[in-house]
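In the two complexes below, subunit A is the common chain; its partner is subunit B in one and subunit C in the other.
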Partner chain A sequence: MSAIIVSGLVSGALYALIASGLSLVWGALGVFNFAHGVLLMAGAYVAWWLSSPDGLGLGLPVAILATLVFLIAAGAILFFLLVRPWVGKPNAELAVIMTTIAGSIFTQNLVLEVFGGRYKTIDQVVSGTIWIGGTAIAAQNLLCIVLAPVLLVGMWILLTRTRTGLAIRAVAENQDVAQLFGIGVQRIYLVTFAASAVLAGLAGILLGGLFNISPDMGTDPLLRAFVVVVFGGLGSLPGTIVGAYSVGMIEAFASYYIGIYWTPVVLFLVLIAVLVIRPTGLFGRAS
Partner chain B sequence: MNGRAPNWPHIGLALVVIGALIAAPQILTGGVAQNLAILSILYAVVASNWDLTLGYAGIFNFAHVAFFGIGSYVAAISTLQFGVPVWWDLALAVVVVMVVSGVVSSLALRLRGIYVALVTFAVTQLCVALINSQKDITGGPVGLIGVPDLQIGSLAFGSDARAYFYAAEILLLASTIGLRLLVSSNFGLSLVALRDNESYAVSRGMPARRQRVLAMIASSIPTSLAGCLYAHYLIVASPDVFSFSLTTLLLTMVLVGGAGTIYGPIVAAFVLTVGTEKLSGLGNVRYMVVAVLIVLTLRFLPGGLWSLGRVRWPASPAAAPASAASFDLKERPE
Partner chain C sequence: MLLQADQIRAGYGRVQVLHGVSIEVDQKPVGLFGPNGHGKTTLLRTLSGLIAPSAGRILYSGSDISGKKPQAIVEAGLVHVPQGSTLLPRMSVLEALTLGAYTRRAWARRRETVEQVFALFPRLAERRHQRCNTLSGGERQMAAIGAGLMGRPALLMLDEPTLGLAPKVRLDLVRTIQEIAATGVGLLVVDQDIDMLLGLCGRLYLIEQGRVTLDVRDPREIQHQEVLRRYFGSGA
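After this line comes the complex of A and B, so read on.
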């Protein structure tokens, strides 16, 4: 039982990191980033390349710091190349879905060309097993469980207590008025993309320590993140977090009690049920 | 579509098209070319029908690929597991897919904008999950192999692939004529009106959800038949038909070809299917090339490939509302 809960908490934590970035970007720009899964993958690969003896062998701490810098740059590049030209244009939603899909195809195949198709593993950030109340938890899992809420609380503080956060929320609320008040809307977009890339990349590094890394490692988490944001309501950080942990728990319990093949079926049925009852998700606002 | 005076250029064009349709299977008999042509035609059917819901009706429908996939699975499962005779499975597939698309769209269209995209996307994933969970019936991740050939009298289509070529052509021709009639009918105009200014269209008495659900059902019919032909022709039904990469390929055909044109996605289906095959020497790099082309097209040619033709031959009035509306909503007064 406690093992199921731990596994639900780990997935919930990772989903929360991934989905909150998607939700943040949606809130500020009103576009949906299908390349979010690729940011996760890119974070994992860069961290692997910098840290692994087969790559540069700099060791994990240096690698993670350098990866954060890379992710900020990657988020910015993504924004400038694939999002900015379409923001504010008619049909921006559909066009950006398509450009970010194209961006992820490009990056996945680039990674495949550069690093090859063989699975790789990142060293775990922490190793070993910790016993809590009679349950053995792998230290990496515990790190996910602890780190995700810390990061999310950090983001919450950033959004509610800082001027930049206020500006992000102002842009999300009403872009024109925000601009009238002297907020650099483009800068806010950039900050939002960079923050969301960092969250995705960190999730990638954590995932890379739990599973193998491969060019398509971002696809499944992205699909789960879709479910999460629909479940919780796009653009709502609390909703996204509640959604992420609910999805993680449903998955953990469903795969234990009714089997791994039925889990996605249950998940999607629950999702469709939620939408029929509450079309904007549990916490979403009507658009 | 006024149907008064005979429009000689159009009749001439129609004769050329029919001639080409009759001649092509006799000319393209080499294995590779024939295969590419048949696949292009089937993709053209799927992409152009997707254009009805995505381009004309403006529904963020990502379940279209699922209709194609369900069509192919109904053909495979009904013939292999339940011994349904060939041809009857096509009828069954159409009925099943119409029901699925009706149910999915009436649920999904309770939502708005991006949520429609996410839920319809989830439906496609649900199909994959169901297929993987019902291994005994669906063959699981491997798929079902040995879908029987279509047959007329003693002619098994598999013994002469030209038969599949003609069958696919007939489907494409019927589907395209149907789509063009549909989009220029009052029904088609109501879809465009709902897309361009929903509140106004509704205030003038158009039932938004009903029209859109009907559009989804209409577009699913040829799509399911294309799925059946796909399964019979390739003799397999595999979960790949629901894959993200096929979704992307077909979506690219719609958007790069030109959303809201019907013909654009058909042209793009041929260009992209043949193009990626010609680039196969590049290995994975070809997908990178295609990705760059997608972004460049959306950036510099937002009306798609089909809009290239429009620059030189100005649109006829009947075609104008559809093409203009797709990407130039900005100037319209609220």
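After this line comes the complex of A and C, so read on.
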């Protein structure tokens, strides 16, 4: 039982990291970034390449710091190439879905070409097993469980206490008013994309310590992240977090009691039930 | 001269709304009135940079701001409080006011300014932790004007500040707007309440079909009836 809860908490933590970035971008720009999963994958590959003896062999701490810098740049490049030319134009939502899917396919194949198809693993950030109340928890799992809430609380503090964070929320709520306050909307878009890329990439690094890394490792988490943001309510950060842990727990319990093949079915049944009762998701607002 | 708009043409896409509007704002408050949908709001949006004028020139404090971004215009001290005052529905009053001081010029003094705004609108001080969408119509308008003042404007543009307010609330708000004018902040006020504008402003413009059709240089000399006649046509 406690093992199931631990597994649910780990998935929930990772989904929360992935989905909150997706939700942040959706809130500020009104577009869905389908390349979000690729950012996760890119984070994992760059961290692997920098840290592994088969790559540059810089060791994990240096590699993680350098990866964070890379992710900020990757988020910015993604925004300038695939999103900025369409934002504010008619049908931006659809155009960005297409450009980011195209960008994903291109990047996945580029990674396949450069790094080859063999699965790789990143060193675990922390190794070993820790016993808590009679339950054995892999240290990396515990790290996920602890780190995600810390990052999310940090993000919440940034969004409520800092000039740029408040500006991100203002842009999400009312762009005209934000502009009339003197907020440079394009700069806020850029910051939002960079922050979202960092969250996705960190999730990638953590995932890379738990599972193999491969060019399509971001696809499944992205799908789950979509379920999470719809479940929790689009554009609501608390909703996204509650949604992430709910999806993580549902998956953990369903795969234990019903089996792994029926888990997505259960997940989507719950999602459908929630949307029938609350069409805007758990914490969503009518737009 | 604080603001001088000269032969402004502007609109949305191919639809031109302003067909050569010229107005001047000096230290005394200036009022804009006229029927709905004739370009008053579009003029404010053009002055604040949300819309780029297709022709004409806007001089603010002697420098040309036509076609500049809202960011630069707010930074220069020309602040536009939009109509409807929905502001930022899911943010707290204090957060919205703080964001009003987003410009570099205003940010450093935001704590001092917010106390001034609270002194002007004590209601906002009581409501500071409430979300903007839980405020009453009058309080929303106070929050919107307060956020505008947080930008430490030299010229504040208000778009229909008294729209839809109960008479008592409206009276209080007008008094506060007069207090703001008395502190030396320039005002450009769009409103339907002509009595209010006549009491507040040193100059009025009637805007019809995207043009200035009446320039009232001395409101004391104009009779309310005459404005109404011009406003609603000779049949009124």
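The criterion applied here is as follows: the second predicted complex is superposed on the first by the 287 of 287 C-alpha atoms of A that agree within 3 Å, B and C clash if a C-alpha of one lies under 4 Å from a C-alpha of the other, contacts with A are read in each partner's own complex, and residues count from 1 in each chain.
Keep this in mind: contacts are C-beta pairs under 8 Å (C-beta built on N, C-alpha and C of every residue); 3 or more make two chains touch, one makes a residue touch a chain.
No experiment lies behind these values; they were computed from the predicted model shown.
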| item | value |
| --- | --- |
| Combined model on subunit A: subunit C and subunit B, fit or clash | fit |
| First (subunit B), second (subunit C), both or neither touched by A:183 | second |
| Subunit B versus subunit C as contact partner of A:160, first or second or both or neither | second |
| Touching partner for A:133 - first (subunit B), second (subunit C), both, neither | neither |
| Touching partner for A:230 - first (subunit B), second (subunit C), both, neither | first |
| Which of subunit B and subunit C A:261 touches, first, second, both or neither | first |
| Touched partner set for A:271, first subunit B, second subunit C, both or neither | first |
| From subunit A, separation angle of subunit B and subunit C (C-alpha centres, steps of 10 degrees) | 90 |
| Contacts of A:279 with subunit B and subunit C, given as first, second, both or neither | first |
| Lowest C-alpha to C-alpha distance for subunit C against subunit B (Å) | 6 |
| Those residues of subunit A which subunit B touches in one complex and subunit C touches in the other | none |
| Subunit C-facing residues of subunit A, complex | 160, 163, 166-167, 169-170, 173-174, 176-184, 285 |
| Parts of subunit B lying in touch with subunit A, wherever the complex brings them together | 54, 60, 107, 110-115, 117-119, 121-123, 125-126, 128-130, 132-133, 135, 244, 248, 251-252, 255, 259, 283-285, 287-288, 290-292, 294-295, 298-299, 302, 326-330 |
| Parts of subunit A lying in touch with subunit B, wherever the complex brings them together | 26, 32, 81-82, 85-86, 89-91, 93-95, 97-99, 101-103, 105-106, 109-110, 112-113, 219, 223, 226-227, 229-230, 234, 259, 261-265, 268-269, 271-272, 275-276, 279-281, 287 |
| Subunit A-facing residues of subunit C, complex | 48-50, 69-71, 74-75, 79-82, 86-91, 95, 98-100, 102-103, 107, 147, 151 |
